[in-house]
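Remarks on the structure that follows.
Think of it as A, B, C, D and E in the order they're written, each chain with its own count starting at 1.
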Amino acid sequence: MFYAGIFSFLALLLIASAWYAIRQKDLLYGVIATGVVSLILSVMFLLLQAPDVALTEAAIGIALTTIAFVITIRNTERYENDKVESGFQNKTKEE
Amino acid sequence: MSITPVHYIAVPLAAAFLIPILSKFHKETARIIPGLVFSYFLVISFVLMRQVSNTGIISETIAGWRAPWGINLVFGYFSGFFATLMSVIGFLTWLYSYRFKLVDSKPAMSYYILLMMLVTGSIGIVITGDIFNMFVFLEIVAISAFSLTSFYPGRDGAEAAFKYLLIASFSSFLILLAVLLLYTQTGTLNIAELSTKVHLIPQSLKLTILVMFVVGLGIESELFPLNGWAPDAYSQAPAPVGAVFAGVVVKGGIYATMRVMFTMFDINEMGQILLILGLITTIIAEVAAIKQTQVKRMLAYSSIGQMGVVMMAIGIGTEDAVFAALFMMFNHAIIKGLLFFSTGFLLHNSLTKTIAEMKGVAKKFPVLSFMFALGSFAIVGLPPFSGFWSKLYFLMAAADAKLFSMIALVLAVSIVEIVYYFRVVGVMYYHQPDESLPTKQPGLNAYFVMGFLAALIIGVGVYPDLITNFLHAAAYELTHKTEYVQTVLTQFVR
Amino acid sequence: MKRFLVIFLMLALGFYLIQALHFVPFGANRMGAPADKKTVAAFYLNETVPQTAVANVVTAIVVNYRGFDTLGEVTVLFLATTGLASILYKRRDEEETERVSKPSSTILQTGAKVLFPLVVILGVYVFVHGHLTPGGGFQGGAIIATGFLLMLIAYQKYHLSHSMLTWVESLAGILFVSIGLWGLITGGTFLENSWFPKGTLNSLISGGAIPIIYIAVGFKVAAELTGVLDILLSTKDDKSASNIQQ
Amino acid sequence: MCSFDYQTIMSISIYGSSVVLMLLGLYAVLVKKNLIKIVIGLSIVDSGLHLLFVAVGYLHNGTAPIFSPEAVDKVNQMVDPVPQALVLTAIVIGFATTAVALSLVIRLYKHHKTARIDQIKSLKW
Amino acid sequence: MNTLALILLILFSGAIVAFLSEKVSKFLPSLIAFISITAAGILFYTSPADVFNFKLSMAGLNFTLKIDEFSRLFVHMIIGLSWLASMYAVGYMQNKERQGTFFFNMLLSIGGMLGIVAARDLVSFFVFWEIMTWSSFLIVVWTGADFRRTGIWYMVFSAMGAYAMLMAIMMIYSDIHTFNIDEIIAAIAEQRLPHLVEASVLLLFGFSVKAALMPLHVWAPNAYTQAPAAYTAIFSGVLSKMGIFGMALVLLSMLKFANPADFSLVYINGFIGQILAWLGAITAAIATLYALIQTDAKKLLAYSSVAQLGYITIGIAIGTPLSVMASLFLAVLHALFKGTLFLAMGAVERQAGTTDMTKISGLIRRMPWTFFVTLVSIISLAGVPPLAGFVGKWMLYEALITNGNVFMVVVVFFSSTAAFLYSYRILFGIFLGQEEDDTAHVKEAPLSMILPMVVMALLLIALGTYPGLLFDPIAQGMTVLGFENVTWQMTVLSNVWGNTVNLMYISTTIGVAFVAALLFLTLKGRKGSRNVGTKDISTSGEIPLEHENLTYQLDFFKPFERAASPLYRRKMTKIYDDLSNGLDALFDFTRKIYTGNGQTYALYVVIFLVALLIYVQNTL
């Protein structure tokens, strides 16, 4: 039953962080939330007796994927803008 | 060491890993080694096909574990047909693009590696006997295809590749999910063993799995609502890659569909749906093709339309229909190859690749234009070219199943096809060239490739028995799965 | 409008997924008893130790039973590197743009310098012991890549030898394939394991060729992942640096 | 059946979270306009799928499928190793796809100066 | 080697050699074409009749080719006309570009036609049909002018016809699993063919396209006009007869065996035959009306061809022994005179540069031989005694009247009369009247072009004098169709009232009158006439603008046109234009499905997935 509690807690956390990752307009935070999703997943994998997968998820999901996203954000724009601006907008929210 | 199916995979992989090193010493190796590999493919295909005709289906184990336990490769008439076709198209594409315009050596290297892996991955899909392994090969194909789609610098290539990636992610997601669900119910991943165990799956779950396969593989085989990526990818990839997409990559998707639907499951469960999907695909694609202004995009839609017809034939599901489907795929591979290859030089220096730019090219490129016209005639199914026979056999199979309304619609759509192909031919031959783009005459290699394909089109058209026996054997093998299952599960080559 | 459609679709899809998962009770034993060898999983659990002398069954599956998948997988990574290089390719004249951004803090630099060897050693440990403990080529490779990533971030001028990466990647790949081919040449099958001495269970030298393959995979994955990140990092346009620090 | 026993909670939380994860990811892919958000969505879908893989291999009171010297006889309690092996492959492939997607995003942004997918449609019809 | 296969092989390989030989010399393709057709002809006429039988088993299908007495009739036409036309083409095509393509396609289409008439199974019939279609398409667009309108329309209509045929073939196949015509006939006789009605309607539809029946004729005038004259002779002369051949095959040899009780709908003289006959009659009438207002001689002849094919269709569709005979007789005649006319117009075009009747006139002195052949064939065409056209028309009237289709006779008679008007216009417009200054340099066509025309004109005269020459082979051919012993008294027609009329008397009388009139006019014309140029205003009552052409060639039938203008207002082509525009808009609308937004595509995938899941889970 202890496990069940942990799992339901982790599941809630997982969904919450995924939700946050999707809702967040600041992509950097969104990406970090994605990393958190991976982190929680990694813990769950460990608890589900899959240490190999947990290790892989930890290395790839948490570190590498997140970094790849961050690099991309650095190369593009940080904020998700919902409004369609006229023409090609290259003005990100720099000011 | 005798030749076994695994050479199809091991040799190109070794070559792919070798090329980055070797090209440091000699740049030309990046193009020569893939050529050697493709030539070796031809050798493998030839040897293995002879072996199959002597001894029946070859089942090879990997890592020494017999079929359900380890991954195995299966090479029979059916797989062999696809593998041989892919090898030939791959080789021709390499030969054709041997002198294709490449800016400098680094992209050239990645072009050849990706091209080689595109073909290798497709052959992998075809010869593997393991459903998860098939997924891995699908991914190999997908990754190479994304990269090749966005090969030309510029925004449109990236856009096409991103759409492709977006849709293909759905495909891999669904296939993976379906594989997982299958595994939970049967405890195996081997296709042959799965086919003996699918009856254990509860009906409702089985239907869900089937739907996932239909959608997932339908994306790869360009079924209608799932093919948004295809026209973009075809039109943005380099012309020879377009030929590979039409001749190799789609064939991989169709093969997977057939393998899953016929060998693992029973086609009757999804046949009707595939039939209707194929019909809708054909209609929409041909209708969209007639309004295209870009040649390659038009060819892409036409390709989708052909795949729709193939899918209809698969949906009919009889042995004759499978035979017709295989014949159509063969024709589609060689004819679309010819069309893409000739377009590649006809619009070599054009950036927009519109039909209007082909005005009067027949004056400058008589041979190329002739090839394009030949391809157009063949693909709309005029005798005495090979396209006619496949259409005839498809119609015969459909008539056997009493699907007259389908026949009528397919034929009606064929008229549309005639219009847009002949319009292009008309522009090529009967318009005055207005301004002269700098042209590039194809080299001897390209002429050889196109001449070979044209000869094949006419040869098969005049004497279809060149390949029909072989295709009949393949269709028989697919529709009578016991031999496949027996061979995989009991006899195997160590 | 579209949002509601999507929400409806998601609910329907969720319904059918749950319905499908209904047939997959959580935590139930679907493999059958390992001794029965009714399913592949049972077979693997039962046979791994006698046949391959590998303690970690997942490793045995990944490298040996389904080694072909692994070969395909490293190929996918290899293709991703190649593809990335071609997607983000710049012609010679524009290639030499500096990796401009603000220099990192001293703490990060020092930390990176200290951590880097440790991370690499950890990675090597993980893939060398892949057949004994959790972990293996992918994990170890990914960890090593993380180490390099650290260096790349900390030192803007950190020069990664592309030539080295290529060599490592290619040689590791060739090693993998040639181990596979060796099995064929010696009259067995591709990726055959039996020509190599099995060793004893739970010792470092055990499992036949599995550790060798996994080491090759480890190097290869490390080189490939590092390559991927390096390519991503080295694509920058002028405005990029300012964008992330607001 | 309705009682919240261990079994139910576990299956709801694991299966439920993985399904919800997949659906959330799909939702992001289908609704969010930002390319990076879409890629994030794809990677979340993948995560959910990976969780599902591991979850279906789980066995009650199972142990990891690793034979330690002292516990060779635990073979009957080991969780299913096959999904774990598969998911290893899937994770790596997923990363490769994500990397390619991100590089495409970078290139698209460079040319279009926007990361909104509904403005990147120069290829249509 | 089988003779029939050898003939086809000669033609097809000749085609390829002709195509390639263009690289060597411009002159070579025409020569090769002529030689191949000659060789094929020699082979055909020197071999005994029973060797034309060829079986081939390939690709799981059995192909049977056989020339029986009925096909032989058509083979005579094909080989004869093609031989003459190819001889003509040697001169006609001189110094033109892309001769290789032209002769390649010409030989292919001739081979295709031979294959069609020889085919005894539906697949080879279809194969040859398609080969004939696309090769003739390539000749139609050969000049390159107006590809879109002419070429595409021709191909679209042909494809519609061909695919309707294919559909019918597949329906038959699904019932009895064979393509062999003899087996199909046997199956019809045993009533094992449930799809007979649909299949025959579709087949007839397909053949109607080639025969240019009324709603499907819009491609024909343009296509006939566009093709080079050397080919139009074949095109209009025999290629369009393939439609007639097919109709005969369906109506006379297949449906005849259908049980009248079961298939009363389609039985001869039944519903479909009547409809077809009426379509033929309407086609004849309307095409004649359109022919009247044409100013281009080739186009006029094209409409005239459509009209003539209408008559021929009537005969086949009515299906009595006499009507079939009339129809076949007219078919052969039409091949002869329309072939001659097109060749003559080709000669005019080549020598004078145009066939526009408002631009040229008075060529009689420049091109007397051409005038002669035109005169002979026009008399045949108009159905005026003494030439054979009259005999054919008479037979047709008689067949119709004895069959009770009196009203149809009125229509046919009307169009026949009008045919006289337009054919006169050609004669007058081009050859008679004042001589233009700019046609003064025109010379007679070379001998190689004159010779075929003269041969055909002489044949026409011979047939006019002895129409019975043709009745024998036709009667023999009709035995194959089941019309045993069609009795026909040479040169004697029995009229409706039971009397017999000796044709010979009529012909002789009219011939004598003609010669007398000719002599009279010639003698009279010797004196007192004056040659005036077309721009000579001294003959005119009003003051014209400078250089205005005031001859009769302009507005030849102006009063008639004014009277009949409501008839001309509605054009068939308009309907097709509207249809194609509508389809175009529909297509444009449909392809908007591909919005270009990747997310939309992804949404499609998910919608489709969910829809399929819902469908599958709830129905299967």
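In this text, a residue touches a chain if its C-beta (ideal position, glycine included) is under 8 Å from a C-beta of that chain, and two chains touch if they have at least 3 such contacts.
Computed from a predicted model, the values in this text were never measured in an experiment.
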Minimum number of chain-to-chain touching steps separating chain A from chain C: 1
If a chain touches chain B and chain D alike, it appears here: C, E
Set of chains adjacent to chain D and to chain E: B, C
Chain whose averaged C-alpha position falls nearest the assembly-wide average: B
Chain C and chain E, separation of their C-alpha mean positions in angstrom: 73
Centroid distance [mean C-alpha coordinates] between chain C and chain B, Å: 30
Whole-Å gap separating chain A and chain D, where each centre is the average of the chain's CA atoms: 12
Distance between chain centroids, defined by C-alpha means - chain A, chain E (Å): 75
Interface hub residues of chain D, defined as touching at least two other chains: 10, 14, 20, 22, 26-27, 29-30, 33, 35, 38, 52, 55-59, 62, 64-66, 82, 84, 86, 88-89, 91-93, 95-97, 99-100, 102, 104-107, 110, 112, 118, 120-123, 125
Set of chain A residues in contact with two or more other chains: 50-52, 56, 60, 64, 68, 71-73, 75-77
For chain B, residues contacting two or more additional chains: 132, 136, 139, 143, 146-147, 150, 158-159, 161-163, 166, 184, 189, 204, 208, 231, 288, 291
Interchain pairs in contact, sorted by label: A-C, A-D, B-C, B-D, B-E, C-D, C-E, D-E
Chain E partner contacts - residues on chain C that touch it in the complex: 2, 5-6, 9, 12-13, 16, 19
Complex contacts: residues of chain E adjacent to chain B: 58-60, 123, 126-127, 130-131, 134, 141, 144-145, 147-148, 151-152, 155-156, 159-160, 163, 166-167, 170-171, 173-174, 584, 586-588, 590-591, 593-594, 598-602, 604-609, 612-613, 616-617, 620
In the complex, chain D residues that touch chain C: 7, 10-11, 14-15, 19-20, 22-23, 26-27, 30-31, 52, 55-60, 62, 64-69, 72, 75-76, 78, 80-82, 84-86, 88-89, 91-93, 95-97, 99-100, 102-104, 106-107, 110
Of all residues in chain E, those that touch chain C in their complex: 603, 606-607, 609-610, 613-614, 617
Residues of chain B defined as touching chain E within the complex: 159, 162-163, 166-167, 170, 174, 204, 207-208, 210-212, 214-215, 219, 225-226, 228-229, 231, 269, 273, 284, 287-288, 290-291, 377, 382-384, 388-389, 392, 395-396, 398-400, 402, 404, 407-408, 411-412, 414-416, 418-419, 422-423, 426, 429-431, 463-465, 468, 472
